[in-house]
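Note that chain A is present in both complexes that follow, paired respectively with chain B and with chain C.
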Partner chain A sequence: MQLLHLALKNVLRSRHRTWVTIAAMAFAGCIMIFYASLLQGWLRSMERNAVDMETGELQIHAPGFRQDPDLYNVIVDAKGVIKRASAAGFICAGRLLGSGLAAADENSTGVSIMGIDPGADDLVTRLHAHVQAGRWLSRKENNGVVIGSKLATILAVRPGSELVLVSQAADGSMANDLYTVRGVLQSVSREVDRGGLFMTAAAFRAFFVLPAGVHEIVLRRALRSESLTAATGRLRALFPNLEVKNWRQLQPTLARLLDLSNVSLVILLLITYAAVGMLTLNAMLMGVFERIPEFGVMKALGFSGSRLFGLIVLETVIQVAIGAALALVTGVPLALYFSVHPLDFSFLLRGSSTIAGIAFEPRWYCEVTGHSVLLPVLFLFGAALTAILYPAVKAAMIRPVAAIHHR
Partner chain B sequence: MKRSALLFLFLVLTGLVAGPLFAQTADSDRARAILRKIDDLWRSTSSVARLKMVVKTEHYTRTLVLDSWTKGKEKSLVRIVSPLKEAGTVSLKNGNTMYTYLPKTDRVIRLTSGMMMGSWMGSHFTNDDLVKESRLADDYYPEITYEGVLDGRKIIRLALLPKPDAPVVWGRIVTTVRAGDYLPLVSLYYNEDMVLARTLTFSDIREMGGRKLPVVLRMVPADKPGEYTELTYEAIRFGVPLRDSRFSLLQLRRR
Partner chain C sequence: MQNAPIVQLEKVSKVYQQGQVEVKAVDNFDLTVRAGEFSVLCGPSGSGKTTILNLIGALDAPSSGRVCLEGQNLAELNRGRLSRLRRDRIGFVFQFYNLIPVLTAFENAEFVLSLQNVPAAERRKRVMAVLREVGMADYVDRRPDELSGGQQQRIAIARAVVSEPAIVLADEPTANVDSAAADRILDLMAQLNREKGVTFLFSTHDQRVMDRARRLIRLRDGRLEADEHRDR
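Take a look at the complex of A and B:
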């Protein structure tokens, strides 16, 4: 108690120094919270673009379909699979995949045709929220399609335009029909941008004369608490005769890129933190060395070395606590502000751009997580206490006579 | 004496050198003549034909009835007569471009070069087969590789290698024809890696439209030996006067 009293008194005595130290720590902490939140947000947005946009967290295919996307290679009992997966805690939607030729006036190009169930698919992916112009498919859409952004440019169409699709139906006949463009997507991924054409599953079945089965089932965990690996394993055990893959396996390049970003995030944080540590160390050293004659007097009066050590540590803890509190008070609102109002770099990126085939978000949102807030605070404490160790030990070991005469 | 010796030497040398040379040109002339014969077998200044096409794949078997018109080397038009669902669908080839008219949507689509190797009307023939038809003699160097008796028939076998700048997709075509009348029997198509891609068999040689020709053409893809497309000429007439306008884009929709 006496020690705490002393420590407080010491902290308050030299206000200038104390406030400079606290301000330095608060500033560093605030920046770290903001920076960590920003990187977290960026990583999350990349992952979300990859996963939520189109891939889903997990996918089920008939064996061999991914190597050779054959119209006939369907998951026959699609309803049963979806039912069982739903019961096992997955949100899922079936998809039909085909290819064909899209033509509008003089322009024509190859397209990947995707038949989806808008009601179910919207719960698994966020494609429906990435419409740039026009609107997303409604559930009862017989002749409406939504297409990728570059495809719209290639065909020179916009919402309301008509396009002709030609392909070969499952019964060998020539599939051809006229469709109206309902919407144009934002940048999603290289494939979707260039050749993605979405229609309802019912329209797909009518076009390709494919009465039953689906080519792909996209899934999402109902509860995020289960790890992706565990969920994949569980699903695999459930459907041993089908190919179950999670997005990390479906998009290994992206998964590796995100892992790498995670590592670089840690490295960047460590560098920032090290700088903060130096700052704290400097302030602490100053505070201790300035007061060496004073410590000499205290020791001469019978203040033991261990108590002196305790005093200095306590002083530091008080300062860090205030600094951390200030960092939280400033950093969290800052990060929260940018989680609503993003840093907008879109003026640097003309049109859309992709990294590893995934749309790159030009707007950076902060994402405030326990991770991005607590880690900087903990590190602040750690850095300050580590930094104070050397001067505190030095003070505790000092010989009173030498200290009193220290200049 | 000296002079006659020189003359003798001259005769021997020219004989040695020119002999094979003459033989070779004669041979390749004949080879080219065979190609032209194949090229023009189903066409003339013009032709009108009714065909039946049977497509058998792992998943379906379908029968289509087609009407075809050709004029010269550049123009051809094929229209589906049945089944009803696709009736009226037209493929028009004019020079090197190909259009498809789709009655269901009332649209004409120009096929891009990327589509040329795609299946024509769901068969094992490609769009390219239709467009490049009758140009063997222009695009390939023929060489007679075998002449003799095979399975009791006198045949000539030709190896066709594409000319360096020819816009073709095959690495090699091996065609076997009857020795007497040069009627084709079988053609083997090899891809650029010289792997057999498909086999086209000609059979049922008979008199039709005033000519003797094989009326059944059967295409079998090498990677799916159970599948085939069989084209049967049910009737053909040659030298029918046809107007150029029949092959115009405008005309496509009127039918």
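Take a look at the complex of A and C:
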């Protein structure tokens, strides 16, 4: 109690010294909270671009379809599967997949054709919110298509342009039709950018003469609290005769790349923490070393080394507590602000682009999580207490006569 | 009948290492200080005055010889016991006052009693009594940086005597105050010695302090040059 009183007096009455130290801690904490939230948001956006954009969190296929994407290999009772999956807590959308040749004027290229239900697909993926020119498909779109950004460049088309699709229909006939480009997507993934062509499921069925079934059901967990592995297991148990895979199994390279990015960002975060930690450390060390003569007098008057050690640690705890509180008061609102108003790097990166198959957004949002808030605070406490150990031990061990005459 | 010895130094030497050079600050020095003395260690700079005070005050350890306080050989005490000994039996008055800057005059004077866990009410009574004696009762809430040098030194004296130690060691107590303040401080210490029987041992080269001493211990090059007892 007596030690706490003395520590409080030292902290509260040495205003200049205290506020320099606390300001350094608060600034460091604020930066760490903001930076951790920004990186968290960036990682989340990378994962969202990789997963939510097109793949979905989970997919269901007819057995063998993934190895051999045959137009005839469909999930026959698609409605029944979607109904049961929805009842089990998943948001689902059916998709039809085919391939063909697209041509506009003198240009032509192979395309992956995807027939989707815009109403349902919009709830599972975010393709609809990723159009860079024109608009997304409407539910009753019979001759409109939306295409990938690179494909638009290859075919030299833009919204309003016409293109011809050619393929083989399910009944063996030659499928060909004229479509109008409704929209061009921003960068999504290498495959979608170069060859992705989206039309409504009804238009797909009409083009390919495929009256029933879907090739793929994409799903999203209604509640993210359930782990991806657990959700996959639950879905597999529900549909033992179908092939259920989550996005990590569907895109293992991408999953590894994201894991790697995660590790790199953690290292980057630690380097930043260390840099701002040094700022705090310097202020604290200066605060202790300039008081060595004062500590010498206290020891001369009978203040024991162990009590002196306790006093220095206690003062540090009080300062870090105030510094951490200020860091929370400033850092969290700052990160929350940037979770709504992104840092916009459009001037450096026009639109979104892909690196190693992952789309990068030019606008960076913060994501405030328990991790991004608590880790910096814990780091602040840990760094401060670790840093204070050496000067505290030194002050506790120093001979009074040396301390009193310390300059 | 002579009073009991409080301090005994037997063949004490203190050697400092300054780079490659050994400096003998105290050389084979013997001294006995008895209760109630008002003694002064004097001599030119570097004669070993402050070193001897540091050795007696358990702030430093001798290179050889024995330092005893109230019969207790300081070399036999561990850090904790030395710390308690300084707290309970020795009062210090430093050349630069060395008050704790964040504490008020009252809290500085109270500091040693707090360490001794003296109850708050008794602490207050004893501290106020001493502050009245040193003429600082009206400055209890002032912090050191709000006091003059002389006032700070009076608070330092209050801090040194409030716990009623066996001896007060005062290192150049008048070196950093003006003449009027120095006289007041010396009057105060002489009064405490006369009326309360507080034992004082000074280090100084201030003639005013030497003039008031009842015992003058002259040092040169770390050795005893003369030990004069005066009747006053």
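Here, the second predicted complex is superposed on the first by the 334 of 407 C-alpha atoms of A that agree within 3 Å, B and C clash if a C-alpha of one lies under 4 Å from a C-alpha of the other, contacts with A are read in each partner's own complex, and residues count from 1 in each chain.
Operating definition for what follows: a residue touches a chain if its C-beta (ideal position, glycine included) is under 8 Å from a C-beta of that chain, and two chains touch if they have at least 3 such contacts.
Fair warning: this is a prediction, and the values are worked out from it, not measured in the lab.
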item	value
Which superposed partner A:262 touches (first chain B, second chain C, both, neither)	neither
Chain B versus chain C as contact partner of A:300, first or second or both or neither	second
Chain B versus chain C as contact partner of A:2, first or second or both or neither	second
Partner chain(s) touched by A:401 [first = chain B, second = chain C, both, neither]	second
Which superposed partner A:10 touches (first chain B, second chain C, both, neither)	second
Common interface positions of chain A, toward chain B and toward chain C	none
List of chain A residues in touch with chain B within their complex	72, 101, 103, 106, 108-110, 164, 166, 168, 170-174, 176-178
Chain A residues within the chain C interface of the complex	2, 9-10, 13-14, 293-294, 297-305, 399-401, 404
Interfacial residue positions of chain B with respect to chain A in the complex	55, 57-60, 62, 83, 85-86, 89, 100, 102, 104-105, 107, 109-112, 114-115, 119, 121-122
Partner chain A, residues of chain C touching it in the complex	54, 57, 59-60, 79-80, 83-84, 86-88, 92, 94, 98, 100-103, 107, 111-112, 114-117, 143, 159
